[in-house]
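Okay, structure first, notes after.
In order of appearance the chains are A, B and C, and numbering begins at 1 in each one.
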């Protein structure tokens, strides 16, 4: 019985995901527009005072990133689940954890990375001091993959539910709390010239831990959803 | 056959579980009541008031044990959930699902008592201190598991999903707890005064009594819910029919 | 019948007292059968009696509630859902699966892909997006995996549904080749569409509800 080499299958899956993302590129913009809109609401809601905005900037930008990511997570596995692709992948004999990781990587590249790239714009809107910008980008670069990895578990658990999207938010937000705390404190610390490498270090440790553990939980959740 | 395997096989059998848990429950309630009465008596009347907080510190005897239970139950759910997932034991699934509302209730009580404790101490009903914030996040974790369970149609699939979510949540729980603790020190929040210069022994005893009492409450409540759940699940099976016909005779 | 120890028998697939529970009730009454190389097993039964559930159990997507399955190797499963992406063309879809699942057939991937598309009769629509395909064309596309995957055991869920007469003839052709080469196949049908001209075993399934109805009668 033939079984494709893992690397080839992984690459084939990634390429397919990019092709699909490209064909549906209009849909991909929605969470990003949402990100921009949410951040815009804050000055409108709390007043445009530069000092106030600068104070809450790290939190606002990160919370907006969380919301935008959760918005894009529901569709992570849904399409493949509904048209039978996921079943075939499970039965293919390939490691389901690796398949989950491939999907998560593709998700981050089309949904998380744009957030990182948009962050300078958001920093400008929220009047974040220049000292904080680099750390903001770093924190998002390390943190958004973790958001995708942990979010994939929630996405996999809710994929067989008709209105899984709302439940997904409830499931993953508590899990995002440590990341939010560490990231915002790193940026705030950088702004006032306090040490921030500890926070970034912990976030990196979290990234490595999620990379190694989350795909397995996602795989278990996928198998469960298919049963 | 291996006697250990036989033991697990037996306890995994619903009729066996139903019968023996039924015998255990009255004892658990009795112990709970006894310990609670004695513990509350010591805590409310015998133990000294705090030199700083006065009489209001007595809420601690309810707040701290329920907070401990809220975390312990989530941990237990994760362990039982793991067993349920790996070995597909239905009793374990039932126990996980039955624990969730109890854990959520303990969390809510911890939050309410914490809030009431805060009123005389800080002047407001809510403050984002480390323990209260962690308890709140824990409550959302409980709600998540319960909501996930209710979202599925098929009960066993629902229970397995809830089990997986409990495991994921439990692994994250220490991380959440420490990060909130750290966040709190960062922003110089207030904290629950009684972890001050060590607890006076006369305060420790009622605290431990209440802590033990809550465990018996959990046990009694859990087994009662689990029995009911099993009856509902197996209502068409022979052992339930026999049970019902025996009781009506 | 006791759960027999099936591992030392020479069958490709053997099933003993197999059943599955949903909502704490059996979906179907326990079934037992054995399948040898070169055989075609037809699973029959009324709508909703659990044929798809049985196939998913045999494929490994579900864990049995009772009974045992013994199989030599992982079967190929072609279920209700065709596993076709709407946004990709027929060729892109098939090419992806060929790359993902791998094939032992010699030759360059794109050339093989074209051959497969030709054999299932979809060459005219090879470059069209999945969403433009008719139900019958989707079915043909989902059967493409029979041509490039190497598994010996096939599990086909109502494979004839939506196929036109040429499609049915195509499937019969592919099936005959497979069985003659020593493969085996289990297929479900709910009634009128049955494979013609094959020497087949049959297994009739009874749903849990039918059993209750029978017992009450």
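We adopt the following convention: contacts are C-beta pairs under 8 Å (C-beta built on N, C-alpha and C of every residue); 3 or more make two chains touch, one makes a residue touch a chain.
None of the values given here were measured: they were computed from a predicted structure.
The touch graph of the protein chains shown is complete.
Measuring from the average of all protein CA coordinates, the nearest chain centre is that of A. In terms of their C-alpha centroids, the spacing between subunit B and subunit C amounts to 47 Å. Subunit A and subunit B have centres, each the mean of its CA atoms, that are 32 Å apart.
Annotation: 37 Å between the Cα-based centres of subunit A and subunit C.
Those residues of subunit C in touch with two or more other chains are numbered 63. Within subunit A, contacts with two or more other chains are made by residues 227.
Contact residues of subunit C toward subunit B in the complex are 21-25, 63.
Note for the complex: subunit B touches subunit A at residues 85, 137-138, 140-141, 143-144, 147-148, 151-152, 157, 160-161, 164-165, 167-169, 171-172, 175-176, 178-180, 182-183, 186. Of all residues in subunit A, only 1-5, 8-9, 12-13, 16, 19-20, 23-24, 79, 82-85, 87-94, 226-227 touch subunit C in the complex they form. Those residues of subunit B lying in contact with subunit C across their complex are 88, 154-156, 233-234, 236. Within the complex, the subunit C residues that touch subunit A are 59-63, 73-74, 77, 79-88, 92, 96-97, 99-104, 142, 145, 149-152.
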